[in-house]
Amino acid sequence: MDIKSKNENRADLNKLMAENDDFFATFGAMDDAVYEDGVIPKKYKELTGLSISILSSCEECILYHLQGCISEGANKAELIEAIKMGVIGGGSIRFPSARYAFKMMQDLGVL
Amino acid sequence: MDIKSKNENRADLNKLMAENDDFFATFGAMDDAVYEDGVIPKKYKELTGLSISILSSCEECILYHLQGCISEGANKAELIEAIKMGVIGGGSIRFPSARYAFKMMQDLGVL
Amino acid sequence: MDIKSKNENRADLNKLMAENDDFFATFGAMDDAVYEDGVIPKKYKELTGLSISILSSCEECILYHLQGCISEGANKAELIEAIKMGVIGGGSIRFPSARYAFKMMQDLGVL
Amino acid sequence: MDIKSKNENRADLNKLMAENDDFFATFGAMDDAVYEDGVIPKKYKELTGLSISILSSCEECILYHLQGCISEGANKAELIEAIKMGVIGGGSIRFPSARYAFKMMQDLGVL
Amino acid sequence: MDIKSKNENRADLNKLMAENDDFFATFGAMDDAVYEDGVIPKKYKELTGLSISILSSCEECILYHLQGCISEGANKAELIEAIKMGVIGGGSIRFPSARYAFKMMQDLGVL
Amino acid sequence: MDIKSKNENRADLNKLMAENDDFFATFGAMDDAVYEDGVIPKKYKELTGLSISILSSCEECILYHLQGCISEGANKAELIEAIKMGVIGGGSIRFPSARYAFKMMQDLGVL
């Protein structure tokens, strides 16, 4: 599946969940609010989100936050530093997630 | 892969494991026994299994327990409450698993 | 620290967090709402919370949900079945959490 | 144990490990290097470290990165935003870690 | 609590669990059986148990398998190699567990 | 994707990462060094790597260490014992990983 399809798929399923129970929309909005521009700028929050996603071995989260980082103007070097924080924190069992992040960076045209 | 193929695949590999070492059959039987009807009814155990599967980001476990819930007569609203317990407990890194559960609920015809 | 002190400590720190940022009160309320009586009765949700707590190796969560289970009228046999679901799901690395749960059951007078 | 003793204890054991095998000093130095000032400023890396520590339910890591954040001039509001990213990402099973972080913020005099 | 008390405490609680439900004795026996001398010698299994315990941030497991390793004749250098496998696999969030392992090695007189 | 393609894919992405930042090559080399023949023979380290991979639900890691085990002369019975240590330690949520390991053992011709 290409990135556009993955994004549509995520949006469709988020909509399906929200239609079935308010909880998912509320939780999603709360997550969005936490990642909003605050005393920590949104760009650095998205980069943190990327580190967390690597540490959690969560591929959908990696792609989501990679795109969030790029939207906030993060460059290749910043993305790589965020990935490194995930790997040093979570160890070699996170290498597959780091590889996935680099693959997605290629597909997103930032590498 | 459709759900029928996934189920066959799981059964085939469980059989392969059991043929190679009794441990896997014994462990599987122990897992089945824990989920049997007890002082906690089997339906609520299967719903707990679904919550645990969301919290563990385990897609095969989600599909397995979704089917177990449905076999025990759990309805859509109960399934959703179990998914919510997994998400509130395990946070937004479990959203991909919740989306997977909703997708499978669609494929299983309960949504 | 005895259970009463642990409970007070938890309440005090929850209050401290809520005073500093609404997020923590909101998140806490959302967690409470998910565990409210629904199509799944509150007692079974609390038992699920206990299973999740074992699987997450979270001692404070174990004590919290043990007390929630008991408030909802769960008996010793139901508590043990919930603990077993956490152990079979999460393996022998959860035995320390199961031991902690049994110790707390003693201290709470249900064993 | 107070914070000063915890810090000494960590330093002593790190020294003991390094004396026994270079690996631990090398790994520690690599971790330090990843957290150095880079294209992402050190302050935001330390805040990411705090988020990761909450998400990993690692109390020693929380205290370590809290102190790193404060050394880099992070204020109370920034610390709280970092904690919130750990909680929304990792769910209510991370509330005990958030409580611990707030307790340590009190002891460190930033609350 | 010293190591002797920790061991007694673990044994007492294991007994309490087994008296309340056969499951815990059966599961414990299954765990013992997996760690028995096999085509992989028991010493290397115990060392694997130590690596797993580091990776799982499980202090009781670390102490348990450290003692198992020593009973099987593992020396300091072997213990350290097993700890390193846990740290490189699980990253810097496992450093507190490595420190705990070294502290216990001191208390057990192998360092 | 067949195993040869998976291996090439892993090698290509590791190269891409290393070209972009020395960190990944250094970390990879450190991981290799930890798994080198030492006081614990490399074969038993690779088997430990397999156990850790099962416990971490990491499919790429499973395939990587399965091949490492086989290169070191580990036979079917040893592989199975290592898988069992991962399952008993990490519970039934690791069964999908055990199934994946058996599937890969078939594809690698050791079953």
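Think of it as A, B, C, D, E and F in the order they're written, each chain with its own count starting at 1.
The working rule: a residue touches a chain if its C-beta (ideal position, glycine included) is under 8 Å from a C-beta of that chain, and two chains touch if they have at least 3 such contacts.
What you are looking at is a predicted structure, and each value in this text was computed from that prediction instead of being measured.
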Farthest chain relative to chain A (centres taken as mean CA coordinates): E
Pair joined by the larger number of C-beta contacts - B-F, E-F: E-F
Identified repeat of the A-D interface (over half of residue pairs identical), from E-F, C-E or C-F: E-F
Proportion of interface numbers common to chain C and chain D (over half same, under half different): different
CA centroid of chain B to CA centroid of chain D, Å: 36
Distance between the centres, which are taken as Cα means, of chain C and chain A, whole angstrom: 30
Chain A: positions in contact with at least two other chains: 23, 27, 30-31, 34, 52, 55-57, 84, 87-89, 92-93
Chain contact topology (line, ring, star, complete or other): complete
Complex interface listing, chain A residues touching chain C: 23, 26-27, 30, 33-34
Complex contact set, residues of chain C against chain F: 55, 87-94
Chain F-facing residues of chain A, complex: 57, 76, 80, 84, 87-88, 92-93, 95-96, 98-99, 102-103, 106, 111
Residues on chain A engaged by chain D in the complex (per definition of touch): 30-31, 34-35, 38-40, 44-45, 47-49, 51-52, 55-56, 75, 77-78, 81-82, 84-86, 88-89
Residue numbers on chain D that touch chain E, as the complex places them: 10, 13-14, 16-17, 20-21, 23-24, 27-28, 31, 52-53, 56-61
